[in-house]
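These notes open a run of structures that come right after.
Consider the two complexes below, in which subunit A is the common component and subunit B and subunit C are the respective partners.
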Partner chain A sequence: MRVTRDIGKLVPLATATALLAGLPFVGVGEFTITLLTEALIFGIWAMSLDLLVGYAGLVSFGHAAAFGLAAYSAGYFAREVMEDFFAALLVAEAVNVLVALVVGFVIARVSGIAFAILTLCIAQVLFTIAVIWRSLTNGMDGMVGVPLPKIFGISLASGTAFYLLTVFCLVGVYLALTRLVDSPFGRTLQALRASEERAASIGINVHLHKWLAFVLSWAVAALAGTLMVFLKAGTTPMSLHWTESGNVLVMAILGGIGTLLGPVIGATVFVFVRDEFTSRFQAWQFVFGLVFVVVVLAFPTGLVGLLNRIHGLRRRTRSAGEFPAVIKRIRSSLWRARL
Partner chain B sequence: MDINFLLANTLNGVVYGAFLLLTSLGLSLVFGLGRVVNFAHGALYALGGYALIVVMQQSAGYWLALVLGPLLVVPLAIAIERAAIHPLRSRPEIYTLLVTFGITFMIIGALEYIWGTGTTLVEVPSPFAGTVTILGNPYPVYRLVAAGLSLLVSATVFAFIQFSAIGLQIRAVTDDAGMAEAIGVNTKWLLTAVFGAAAGLAAFAGALGAPIFAIHPDMGSGILIDSFLAVILGGLGNLPGTAVGALFVALTKSIGGGYVAEWSLAILFVVVAIALIFRPTGLFGRGRVA
Partner chain C sequence: MASALVVQGLSKSFGALRAVENVSLDVAPNQVHSLIGPNGAGKTTAFNCISGFLRPDVGRIWLNGQEVTRWPPHRLASAGMARTFQITKIFSELSVLENVALAARSRDGRNLQMWRRANHCAAKEQAEEVLRTLALSARTDSSAGQLAHGEKRVLEIGIALALRPAVLLLDEPTAGMSSRESEHIAALIRKLSSRVSVLLVEHDMEIVLGISDVVTVMTQGRIIASGSPAQITRDPEVQAAYLGTAEPEFVS
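Here is the complex of A and B:
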C-alpha cells in the first residue's frame, strides 16, 4: 500500500524533474537558464524557510543570515583553499550548523513576534560584521573572484552544467524534506505549530524540537548559499540585508507555506516577475510592494492554495463540499497557528 | 579616555534617544492596541521628512512645515490602516508585519521614483543655527532644541493617554481588548485613529530630525530597527518600558559607537538578545508573551 502510494507520488516528481532538466536541451536560451538557476537556488532557500514557518510555525524575519553566511564561508574556502564543490559545501554546512546550534539554542526559547525580531537582529549583526570585517569580506564592495566549482576534479562549466547541478540539489532537498515533514519529527513540529503548550503537556521537549528545526533549516539554506556564491562568483553584504530576509519570506508566502512545493513555485515566480518589473517599470519597488500587499491580503494560502481552491470548487460542484487535504492543512496552519 | 569625547557622545545619545522615543511610542501604542506590528513605521518617518520638503517648497517657513508636513502623512496612514491592516484583524499578528513590509517597499519605491535616491539637506532654522558651549565644548543648539521638542511632544502623548477619556479607552483596550469592546469601546475606530496619530508622530520625528540627519528615501530603516529593539526591550505595548528602552538603545549606540565604531550595533543586538532570553516579555512586560 505504502509502496504504491510512494510510486504514485514519484511518477509526477520524476516527470517534473525530467522536464526541468530537459529545458536547456530544447532551445531555452542561456539567459533564461541562468535566471532559472537563480530561481531554483532561491527555491531551495525558500523551502528551508518553509520548514520553520510552515511546519514549526516559527516566522523568521532574518533568514538571509543562513544564506549569506553560507555564501561567504563557501566562497572564501573555494577561493583560498580548493575549488571542490563538495568540500566548499561541507565547510558552509559546518559553519552554518555551528552558528545555528549556538544561536538557535538561545532563540528557540521565544516564539511569535519576538522570534521574528530576534532573527532579524541576528541577520543584521552578520550584515554589520560583513560590512566591517574588510580584511575577510572586502566590506561593502563584496567578495569577488570565487572560481567555478569542481566536481570529482572536473571543472563545472557555467550555464547548463551548473543548472543541472542545481536541479539535482533541488530535487534531492525536496525529497528529503517531504520525507522529513511526514516523519515523527516532522509531525512533532506540526504539533508545536498548533500549540506549544499542548505539545509540552503531552511530553514533547518543545525547546529541543524548535532548536533542531532551526539548525536543520540553516543546514538546508547552506546548500542554497553555496550554490549561489558559485553562480554569482561572489557575494556582497546585501545577501545578509533585511530586505533579502523579506524577499525569501515573500517567495514562501507567495507560493504557499506548509507545502514545500509552494515556496519553489513562489521563488520561480518571484525571480521572473522581479526581472520583468526591474526592466519594465521605473518604480518597480512600488509595484513589487503592491503585489506583495495584495498577495498577503487576498491570497494568504499562496499560489498552491489558490490552485487548490480552484480545484476544490470544481470538485465541489461535482460532489459534496469537501476541501482537499492540502487546503485543510494550510487553513489550519493559518488560522490555528500560534504564530 | 577623554571626558569631553564621552560627554559629546552621551549628548548625542540623549538627542537620538529623544527622537527614538517619538518613533517607538507610536510603534508600541499600535502594537498594544491592535497587536499590529508596523514595519512601515520607518517609511512613515521618511515620509515626514519629504512632507516637510514639499510644504517648504510652497515657500512656507520651517516651523510651519514642521506642523503641516506630518499632518499630511496622517490621512495617508489612516487610508493604509483601513485598506491593508483592518482586513487582517482575525489573522495572526505576524500578517500585519508582512503586509506593512510590502507597504514599506511601496513607500520607499514611490519616494525614490519621485525624488530619486539622493540625499536632501535641510538648513537649520535661523535662530538655532549656532552652537552653545557645554562644559567648554561647542554643541549645535538645534540638536538640543529638537530633543527638547521631542521630549515635550512625548510628554504630551503620555499625559494624553494618562488623563484623557480617549487615553483611558486606549489603556483599556491595550489591557483587554475583548472586555473593552464588551463595555462599549469602539476598538476599530480607536485603532484607526491611533494608527494615524502614531504615523503623525513618526512623520513629526522625521521632519524634526531633517536638519540633523538629512533626508533620503531609506532614512527610516535604521531608526525602525532601533525602535523595534527599544519596544521589545521595554515590553511590547508597555509605554514607560518603551521610554526606558529607547534611552537605553540610543545611549548604547552612541556611547558604544564612540569607542568601537560600527560594532556598537552588534553589541546592542547581543544585549537585547540576552535580555530577551531571561525576560521573553521584555524588561517591563507583564505576563503577556510577545
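Here is the complex of A and C:
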C-alpha cells in the first residue's frame, strides 16, 4: 500500500523532472533556457518563503535578506578563494544559518505584522550595509567578476549545464521540503499557523519551532542566492531591496502558498510575464499587479488551486472555503479598497 | 494521597485592578474540582495563571508534588497539565485526527522530527482511540473547521486528553452548547475523572453541582467558600454573593 502510494506520487514528479531536464535538448533556445534557469532559482527561493508563509503562517517582508546575503557570500568566496560550486554553497549556507540563528532568535518571539516589519528591517539593514561597505561590496555598482562555477573540477561553461544543475537543485529542494512539511515538525508548524496559544497548550515550544523554521527557510534560500550569483556572475544591493522581498511574496501567493509546487509555478509565471512586458512598456508591474489582484480574488488558492479545480483533483485537504488566513486578509482589504 | 495540583497564595493584578487575590486551591487525584463565581470574579485569570499563560505576581504552584511556578505553558503541558479554552481554539485547517495526533506526538516528544512521516507515528493510533472515546470517529478526516460547534467543544477536550495529562483544566467546556450537548459533556467529564484530576471553570450551575467533588467559589478575585456541592449550596455567603439574594431555586 505505502509503496504503491509513494510510487504514485513519484511518477508525475519524475516525468516533470525529465521534461524540464530535456528542454535544452529539444530545441528550446539558449535565451529561454537562461530565463527558465532564473525562474527555477526564484522557484527555490519562493519555496523557502512558502515554508514560513504557507506552513508556519509567518509572513516575511524581508526574504530578500536571505537571498542577497547568500549571493554576496557565495560570490565573494568564489571570486576570492575558489570557484567550486559546493564550497561556495557551503560558505553561503554557513553565513545564512549563522545570521538566521542570531536574528531568528529575536524575530521568532513575535508574529503577524511585527514579524513582517522586523524581517523587513533586517533586509533593509543588510541593503544599507551592501550600499555603504564599498570596499567589500563595491557599493551600488554591485559585486562583479564572479567566475563560472566548477563542479568536481569541471567548469560549468555552458548555459545548459548550469540549467541542469538548477533543475537538480530544484527537484532536490522540492523533495526535501515535501517530506519536511509532512513530518511531525512540518505538522507542528501548521499548528502554529492556526493558533500559537493552542500549540503552546499542547506542549509545543512555539519559539523554538518558529526559530527553526526561520533558519531552515534561510538555509534553503541560501541555495537560491548561490545559484543566482553564479548565473548573473555578480549581484547588486538590489538583490536585498524590499521590492525583491515583495516580488518573492507575490510569486508564492500567485502560485498558491502552502503547496510548495505553487511558488515554483508562480516564480516561472513572474519571470516570463516580466520578460514579456518589460520590453514593451516601463510599468510592467502594473500588468502584473492586475494579474495578482485577479488571482487573489478569483482563485484564492493560487494557480495551483486553479489547476486542481480544472482537473477535478479534489484530493487536497484544504477546501475552497478554507484558504490561508493571509490570503483572506489580502482579499478582504482588496474588497474594501473597491468600495 | 498527594494532591495532583496545589495552588498557594496566587495573586495577579492588572494595574490597579486586583483580578486574583490570594487564591489557594488543592485538587486531589481523580477529583472534579470546580471553580465558580459571577462574571469578573477572576476565575479565568486564575486559570490562565495556573496554566502558564499569565505570570502571577505572587503565589506558588505544584503539579504532582513538583513546583511548577512560572513555567511556560508548553513546559507545563509536557509535565502533565492540559487545558482547554473558553473560546474554542482548534487547528481548524487541519483534520480532526491531526488535531488530536499533534497533541499525542507532542507528548511523545516527536515535534522536532523532520524526516519521519507524521502519519507513520504511533500517535495516529492513539489519536484514533481518543476520537473513539469521544464518539468523534465519524469525523476523523473532516477538516476541524467544518465541525459543528458542539463537536468542536468535544474536540477541544480530545486534544487535551491526547496529552494523557495528570490534571485537566477545562475552561467553560459547555459554553454555547445546547442543554443536551451540555449533559453529554458533563457525563464525559465524570467519566474522565476516573483517570485524571479535573479543574473546571463553569457557568452552568446544574452541571457543576452534578459532577463536582469539590466546589470553590470566587467573587472579586477572592475565594469565599470551598467545599462539597451540598456545603456550597447551603452556604449563606455564597448565596448572597453569587446570586445577590438567597434564591431557593438555587438549592433545588
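Please note the rule applied: the second predicted complex is superposed on the first by the 308 of 339 C-alpha atoms of A that agree within 3 Å, B and C clash if a C-alpha of one lies under 4 Å from a C-alpha of the other, contacts with A are read in each partner's own complex, and residues count from 1 in each chain.
Everything that follows uses one rule, which is that a contact is a pair of C-beta atoms (placed from the backbone, for glycine too) under 8 Å apart; a residue touches a chain by one contact, two chains touch by 3 or more.
Owing to the predicted nature of the structure, the values given are computational and were not obtained by experimental measurement.
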Exercise. What is the contact status of A:Ile117 with respect to subunit B (first) and subunit C (second): first, second, both, or neither?
Worked result: first
Exercise. Regarding the shared-chain residue A:Ile253, is it in contact with subunit B (first), subunit C (second), both, or neither?
Worked result: first
For this session: Examine A:Ile202 and indicate which partner it touches, taking first as subunit B and second as subunit C; both and neither are also allowed.
Result: second
For this session: Please indicate which partner A:Arg109 is in contact with in the superposed arrangement: first for subunit B, second for subunit C, both, or neither.
Result: first
For this session: Based on the superposed arrangement, let me know which partner A:Ser135 touches: subunit B (first), subunit C (second), both, or neither?
Result: neither
Exercise. More residues of subunit A in touch with subunit C or with subunit B?
Worked result: B
For this session: Tell me which partner A:Pro184 touches in the superposition: subunit B (first), subunit C (second), both or neither.
Result: second
Exercise. Which subunit A residues lie in the overlap of the subunit B contact set and the subunit C contact set?
Worked result: none
Exercise. Which of the residues in subunit A end up touching subunit C in this complex?
Worked result: 179-180, 182-188, 190-191, 193-195, 197-206, 208-209, 212, 317-319, 322, 324
Seminar exercise, completed: Touching subunit A in the complex, subunit B uses residues 37, 84, 87-88, 91-95, 97-99, 101-110, 112-113, 221, 225, 228-229, 232, 236, 261-263, 265-266, 269-270, 272-273, 276-277, 280, 289-290
Seminar exercise, completed: Seen from subunit C, its contact residues with subunit A in the complex are 51, 53, 72-75, 77-78, 82-83, 85, 89-95, 98, 101-103, 105-107, 110-119, 121, 143, 145-146, 159-160, 162-163
For this session: Report the residues of subunit A in contact with subunit B in the complex, numbered from low to high.
Result: 59, 61, 106-107, 109-114, 116-118, 120-122, 124-125, 128-129, 131-132, 242, 246, 249, 253, 282-293, 296-297, 300, 334-335, 337-339
